[in-house]
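In the two complexes that follow, chain A is the common piece, with chain B as its partner first and chain C second.
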Partner chain A sequence: MSRRVTLDLGFAGNTRDVTVVIPDDEPTPWQWGERLSVVGKPAPRVDGPLKATGAARYTYDIELPGMLYGAILRSPWPHARIRNIDLSAAEHLDGVRAVLALEDREIRFAGQEVAAVAAVSSDLAADALKLIKVDYETMPFVVDMDAAMADSAPRVFGSGSNVGRTSTSSVGNVARGLEVAANTIEAAYTTAVQTHVCLETHGAVASFNAAGDQLTVWCSTQGIFSVRDDLAVYFSLPPNNVRVVCEFLGGGFGSKFGATPEMIVAARLARAAGVPVKVMLPRGDEHRSTGNRPNSEQKVRLGVDRDGKLTAIEVVARGSGGINGGAGSADPFKSVYRCANIRTEERNIYTNAGPASPMRAPGWPQGCFALELAMDEMARKAGIDRLEFRRRNSDNPVRAAEYEIGARAFGWAEKNSAPKSDGAVKRGVGVASAEWHAVGVSGPEAQAIAHRDGSVEVRVGTQDIGTGTRTILAIVAAEELGLPVDRVKSEIGDTRFLFSVPSGGSLSAPSNTPAVRQAAAHLKDKLFRIAAPILSAEPGDLEASDGFIRVRTNPSRSLAFADVCKRIPGDSISAQGERVPNYEGFRTDQAGCQFAEVEVDTETGIVRVTHVVAVHDAGRIIDPLMARSQVNGGILMGIGFALFEDRRMDPQLGIMVNPTMDDYKLPGSLDVPRIDVTFFEVANGITNTGVMGLGEVAHVASAAAVACAVYDAIGAPVRSLPMTPDRVLAALGHA
Partner chain B sequence: MNRDDRKPRKPPGISRRSFIKGAGAVAAAAGLVRVPPAAADEKRLPAGVVEKLGPEATTIELSINGKPVALEIEPRVTLLSAIREHLGLTGTKLVCDRGACGACTVHLDGKPVTSCMMLAVDARGHQITTIEGLGTPSNMHPVQAAFVETDALQCGFCTPGMVMSVAAALERNPAATTDEIKHATAGNICRCGTYPHVFAAALRAVKPAPAGSARSLRATKDA
Partner chain C sequence: MNRFEVITPADLASASQLLAQDGHVAFAGGVDVIDLMKQGIVSPTALVNLKGLKELGGIEVRPSGELRLGATAKLSEVAEHPAIRARFTAIAEAASETATPQIRNLGTVGGNLLQRPRCWYFRNPDVNCLKKSGDKCYAFGGLNRYHAILGGDPAFIVHPSNLAPALIAMRASATIVGPAGKRTIELENFFTLPTVDPKRENSLKPGEIITEVIVPAPSASVSSHYLEARERQSFDWPLVSVAIALDRAPGAKTIHDARVVMGAVAPVPWRSHEAEAALKAGPLDEPRARAAAKAALKGAQPMSDNAYKVVMAKVIVRRAIMSAAGLEAA
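After this line comes the complex of A and B, so read on.
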């Protein structure tokens, strides 16, 4: 039932053989150096034409017959009790078909849902919201993290403390490590709350059948199955009676897992009105209430010995996830650099602000910024080259190789030693290390179908957050079946397909591709059984390549793939594949590093990033063109985090003061530096495709590298993100 | 949608967006008085005569993607809403709702405009082109084809607006440099951060790559 396969794992100059036991029906993992026909070649994404012409249908574009437009009334107060809601005027407005008061009687942040309406147009729904009268009893509130920690602070949750449980980790003895250090530094770093700003706001179109026992929801989500399960629980329906569809998704970045309030509101309004209802959030609500990356304050202590080896790493961190937990930034301190004495402490502080949700590598960009800038402060104090300091303190051979590739591509040696200009504009360079663990999980299943017309479909209940999932799955199936990519159609985004996991945490590619490959292999076996008698061969003697099914030992004996399909007895044949648990691999972590160059105007405090070199490993790269898109995006989101983005709360009013896309500053085209991306391919084993995810690791180090470059440019660390001109000037002593 | 944002104890600031929506709301209550655009002027009204529209829905004519269309809409309806909700052309997106992100970009007589910032009645007499009018999946405009080839899109939600901005820029100057494209797309926000490939797409659309060229592989370096 199973067989042993020896895999040659690692990378050039650092390989080792690993023997793994794999199920009989599992394709042999692609070996290091194995020649593949479509995997690893740059290919445009299969749904590109739909996206480039506006034909792709997002949730926001769904229109159903008789559909109503829903809208949500939100609390203007950060903390209040609702004494009464008067819906009557709204109910009597012409064109309004359903009005709901939501159950939560205690409001804990400005922007929390209070009531909802469904009307025949979105303008009318907005008019109706203005007619709802809510009697609020306002209560004391706190939106500032430091203020929330005071004993006398208003409590976000009744009698519970605003200060969450302390989570600690400890290896060795940090006190001792600091004592023996030749040099130590101690500094505090802060980062601001970042919002996801998905261009397609959160929302859903919900429709119940007449009997009220079948719910269909089209929604903008990273996890159709988690939405299905949440809605099934909420509406007390069997999960199979809930269908969730998401063909296209206008961004998620971690904020779109599970059934979110607006999905439930849409479904409740649809049930009340007896017709489909669409709820798409306005931009302000998206900023305020759908999630964010918590802020952080991180007190860091480092010690090094005379050889430039770390003797102690300590971080004491806190952050506020608003009314949610989720703040924490200690992970990078535990694993990026090697040290015998590491202590971390992190706490979430509750405030009357919008709830945090996961955001692209949760905790890591914050932690990486503090760790890497502290590393640079340490290196400067100890008089060691910053890249050399990192080399000495990393024991990861993948990262070591990547430092060399990146340093060469960036020109580190020359740029790092170039004298600073005497002018107002100072140039600086920085380097930072990344890490993530995108090996994927078992769970997904895939179906592969061959039709009599020679076309192939693969179906998986995953969704495409923008990383090109449809294309990646088509490429993998095409490779296995020996077909060009355009012969394979990927069908995703529907819970009627087989189960898959949410698209987040860099899970999609490593979790889905092995299931698709196995399904395609099983389909191939069935086609081989059809072709074998015609080719007077055994099924096991056949191979599929270049659109043909051939006898391996005599390739001239062949049948076109399409001709084999013509002999399918019915209209189609299908096969299923499952994602088996991870095998032992080379490493389960990813390294990666990014180098940044900046120009800082010391008169205005304006920072401009001019060049970024990124070196990343993500196992086998399926499509380098799309992979580079992801890395570009990770870097640019990091530049936003480093220089611009800051959710500002008014401490007097308890509201977000910049819930728009002009006041909340995002990186735009003029902020884009030259970006050079190198993929360092590592044969990691682990699955039959050897694919790892890329979305998180490409973002982890970006802000840190920029911060290190700014420090190099001006000779003073800017220890708070975003590095706005006022902070840069303050660091220069011009404040 | 709840656009007034209910900021407590804070005098409402006047933004461009709230101003235009406010104008719409006033129009809904009291009608809208406008000097009609020149083209409509000649056909329907003598010079100098102003026209009163609304507050109720009224019939207007627009030229969308080369075709005349008649719409029954309230004067407060934006051009974006007319295109999406009344004509069912959903390629044009609403994202920021205040002219800050460019996702709703359409061409007005060949020039890029943010359709969320314009009332539909003000588009009378002008030629409107939407993303659907530029090309279709089976017959893409060269800019759309270049976006696909260079992977100048990820989630794809900003893409229609981004394509419209690039197409207008190249119409103005077919030899546009990367720097000019950066300025032409400065009003288009992409949260996936796909800008480098957008610049590559623009360069590729200007100068078609020879067959078999690996030009798209150098996309980030071109940028």
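After this line comes the complex of A and C, so read on.
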């Protein structure tokens, strides 16, 4: 059964009524401007004290009785065949309980897994690794993308080409668009390989039952259910015989989907040893083998007419995902700016380097950097203000409104026309546009439970990638039940709870909050049925607010929520909710823009970011504190990408030379600028909460805005990321 | 990490005896040695704990104006000491620019001088380079953006100490106690180039311990300054650094003595007599500072990735001179 609901969708000054059909048991979507009691109010992270005191249990903290410590031997060679592995010395070391050689005998990157051991201490496991004798037949290798494209280059995969399939897209006629243009530019842009650098490295603790048919894995993952399914397949077990737990997760950024090699190693060692085994990766292995954002080289051509409208956009891009595919950066060129003639071409080049994996808006930070810096080069050549140039070429009303908000908050007009200073340190500003799609998907189910003591629990099989999932789920349930947030406890991170989707692709908030809200609404209905006879009312006449259940038309007739709970038969009462498919809403895309200010020392080439203003739409904001924190993180990761981060591969040895926190440089506290975040609320009407994800859109434009600001400061574009001093000095003609 | 024991000697003489044995390594702050052990770059059988030895502790400005830094004095104590900040400014500045507050609270003067280079080939357990038992410096012909532009051959590391250039600029000497007794060496002569022994960065012999660093009293007309450039503002190693000490009589235009010592450009702290001569050649002004900076980098031989360090070093040397002299940059 279903019903029709009319929703007022859009944003201030741009709203329209849309009638949607929703299931009968779906709570009525919160309306634009509806007064809510806890949603939208800043609430501190509910598990903040646990994290700050060290009480939160991450995978690293799991200790089980009899548990062994596993370690993985990795190839020092970038390309080799394993002739033989002699495990005997390792097996005979006192304290070693299991040793295994991995099946893959073809080594394609330095850092690939070769063998593994489990021992009674991690020191013994490390000692045992040294006793494993591997006979490698080393082979020619290639780690440089350009070198890998040569006909004579060593092949990463036997006889297969290192050059992947070319994927293209084309609208209109770019050649014609460039012909009719009043001005054109053509330039090549490059970005470096960025690694995820999860603060908690990849790892797992695995435990089989005595019969060997029940596997429990505690692991650091973005997708407990995808890990469960992968492990079930690998070990030929029914999925229900595999339980995956992830109470707390120290970052994933796209690198922790599914059963990763160290999880499988932990489970295999546990099965072989007959006791639980923990494998946590050392930092160097994390850098080398668990994923990365591919590098890119992007040749861009733009054309504009006399009115400053784009007549042509073209990008020919390539990148290397190491032994994986996944390089590509053309998406922003297809959709951020309006143009009748757009052509894109992208290719993945295989090299003997660690595998790429999805990373926070795959392809977009690279593509946005090239597109936005090219836009600035084009604007300068055509003599148009950069912000005006973007306005003229964007037809997205949300972004148009955000440009104005951001420009005001940043002081664009004054800063853009201010002198760059007459000393060595020049100031510059830049603006870049963001885009993402984050309306979530159906699939998750949630359970809401009221206990006799008046407390409420919500349980969902999701996990908190760090964005405050527990907090926002508690807020949504509290809103529906008319309770303060601290009366609701969120339980997540266990496949014994109802299914949810992986925390990636900005899916978590928009996919989970509607299921939790529905579950809470269903629980509320059950509590209303308990309260109704006492209040001499029909359940349908009741409402829940301020910790009371009361008669809507006569609020003085009420019962405290806790008093209703005391009448729960048995110990608790529970209800379920599901995430229904998206309704037809306002827009499924997100715009967003970021403004950056930098100081460039033109004599040393050192860049400092001093101020960032971010304007983002993410539907309804559940908790502005959590949301702002997520945007801060996206910006900092973008500053790292813009200024510091580069996985550096030595061409002579084929190894990563900087797999440490010392040499692989992340921004530190003194590199953090002032950040101002404004949320531009858009009623999108796609779910009962109207929430959109924020993880990715907050990151895509950050590096681009910084690069545009550097160009503004020094008058020369730095077309390669990271913008290290050598590159800035080279752009200035000093080196 | 290998198994090892920690031995706490009763006195300096037994510490020296212990350190004369193979596989025994000195331990105080432990910042660098533990890192090297975790990476498997050094595998001592015993760490000799110097922390409790009273001869190694303390900071003192003697009535003569001479500064004594005990080898186990913490970097944070050096950075915050009011007399050091006032009269030995470059030394306090160098200490305060080092690493992070946590590391400055652990790291010691002796450890800072004796820490091993940060070279990413040397620190990689999978690479056997010239500084270990290998026969090749991979930085030459490899990735060398952070490597030497002066005096590199045959091992192109840079000396990582912040304190060393500042101490040398202030004419410091080290007191060393060893099996053969006590010796004193000008810090300038303590560090050794890879041409002497590519595996080592200094002349400390087995069993020898730096007990203190003595900085002579500077005359009232000496001013000093330490300046470094780094990519990140937080917790980063200098790309180039320099310590300047200038002696200029009150009211005089010309400097009668100067020391210019660069860090992070060569395998040893690099004193530039050429720059010092250029500074003394006439009245000090911006063009003279620029000429001195140019002279400091005259012999630079950059490799494939580090030519920018030559440009940057000239800027940092010039700025540090101007700042030490109390002159505004033009």
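We take it that the second predicted complex is superposed on the first by the 735 of 735 C-alpha atoms of A that agree within 3 Å, B and C clash if a C-alpha of one lies under 4 Å from a C-alpha of the other, contacts with A are read in each partner's own complex, and residues count from 1 in each chain.
To be clear about the criterion, a residue touches a chain if its C-beta (ideal position, glycine included) is under 8 Å from a C-beta of that chain, and two chains touch if they have at least 3 such contacts.
Since the structure is predicted, the reported quantities are computational estimates derived from the model, not experimental observations.
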Report task. For A:Leu73, decide between first (touching chain B), second (touching chain C), both and neither. Result -> first
Report task. Quick one: classify A:Arg83 as touching chain B (first), chain C (second), both or neither. Result -> neither
Query raised in the report: Now for A:Thr467: first (chain B), second (chain C), both, or neither, which partner does it touch?
Result: first
**Report entry** Per-residue contact with chain A, leading partner among chain C and chain B
**Finding:** B
Report task. Examine A:Ser669 and indicate which partner it touches, taking first as chain B and second as chain C; both and neither are also allowed. Result -> both
Requested in this report: Tell me which partner A:Cys198 touches in the superposition: chain B (first), chain C (second), both or neither.
Outcome: first
Requested in this report: Return first, second, both or neither, reflecting whether A:Glu63 touches chain B, chain C, both chains, or no partner chain.
Outcome: first
**Report entry** First, second, both or neither for A:Asn658, with chain B first and chain C second
**Finding:** second
Report task. Once the structures are superposed on A, label A:Leu50 by its partner contacts, choosing first (chain B), second (chain C), both or neither. Result -> first
Report task. Using the superposition on chain A described above, determine whether A:Arg3 touches chain B (first), chain C (second), both, or neither. Result -> neither
Requested in this report: Return the residues of chain A at which the contacts from chain B and from chain C coincide.
Outcome: 76, 110, 123, 126, 653, 655, 660, 662, 667-670
Requested in this report: Would you tell me which residues of chain B are touching chain A in their complex?
Outcome: 1-10, 15, 74, 76-77, 81, 85, 88-98, 100-101, 103, 130-132, 134-138, 140, 144-145, 147-160, 163, 181-183, 185-199, 216-217, 219-221, 223
Report summary line: Given the complex, residues on chain A that touch chain C span 76, 110, 123, 126, 423-424, 603-606, 608, 643-644, 648, 650-653, 655, 657-658, 660, 662-663, 665, 667-671, 724-726, 729-730, 734-735
Query raised in the report: Along chain A, where are the residues that touch chain B in the complex?
Result: 42, 44-45, 47-58, 60-61, 63, 71-74, 76-77, 110, 121-123, 125-126, 129-130, 196-201, 248-251, 253, 280-285, 465-468, 624-626, 628-630, 632-637, 653, 655, 659-662, 666-670, 672, 674-677
Report task. Could you please specify the touching residues of chain C with respect to chain A in the complex? Result -> 1, 3, 118, 120-121, 123-124, 126-127, 138, 141-143, 145, 229-237, 239, 305-308, 310-312, 315-316, 329
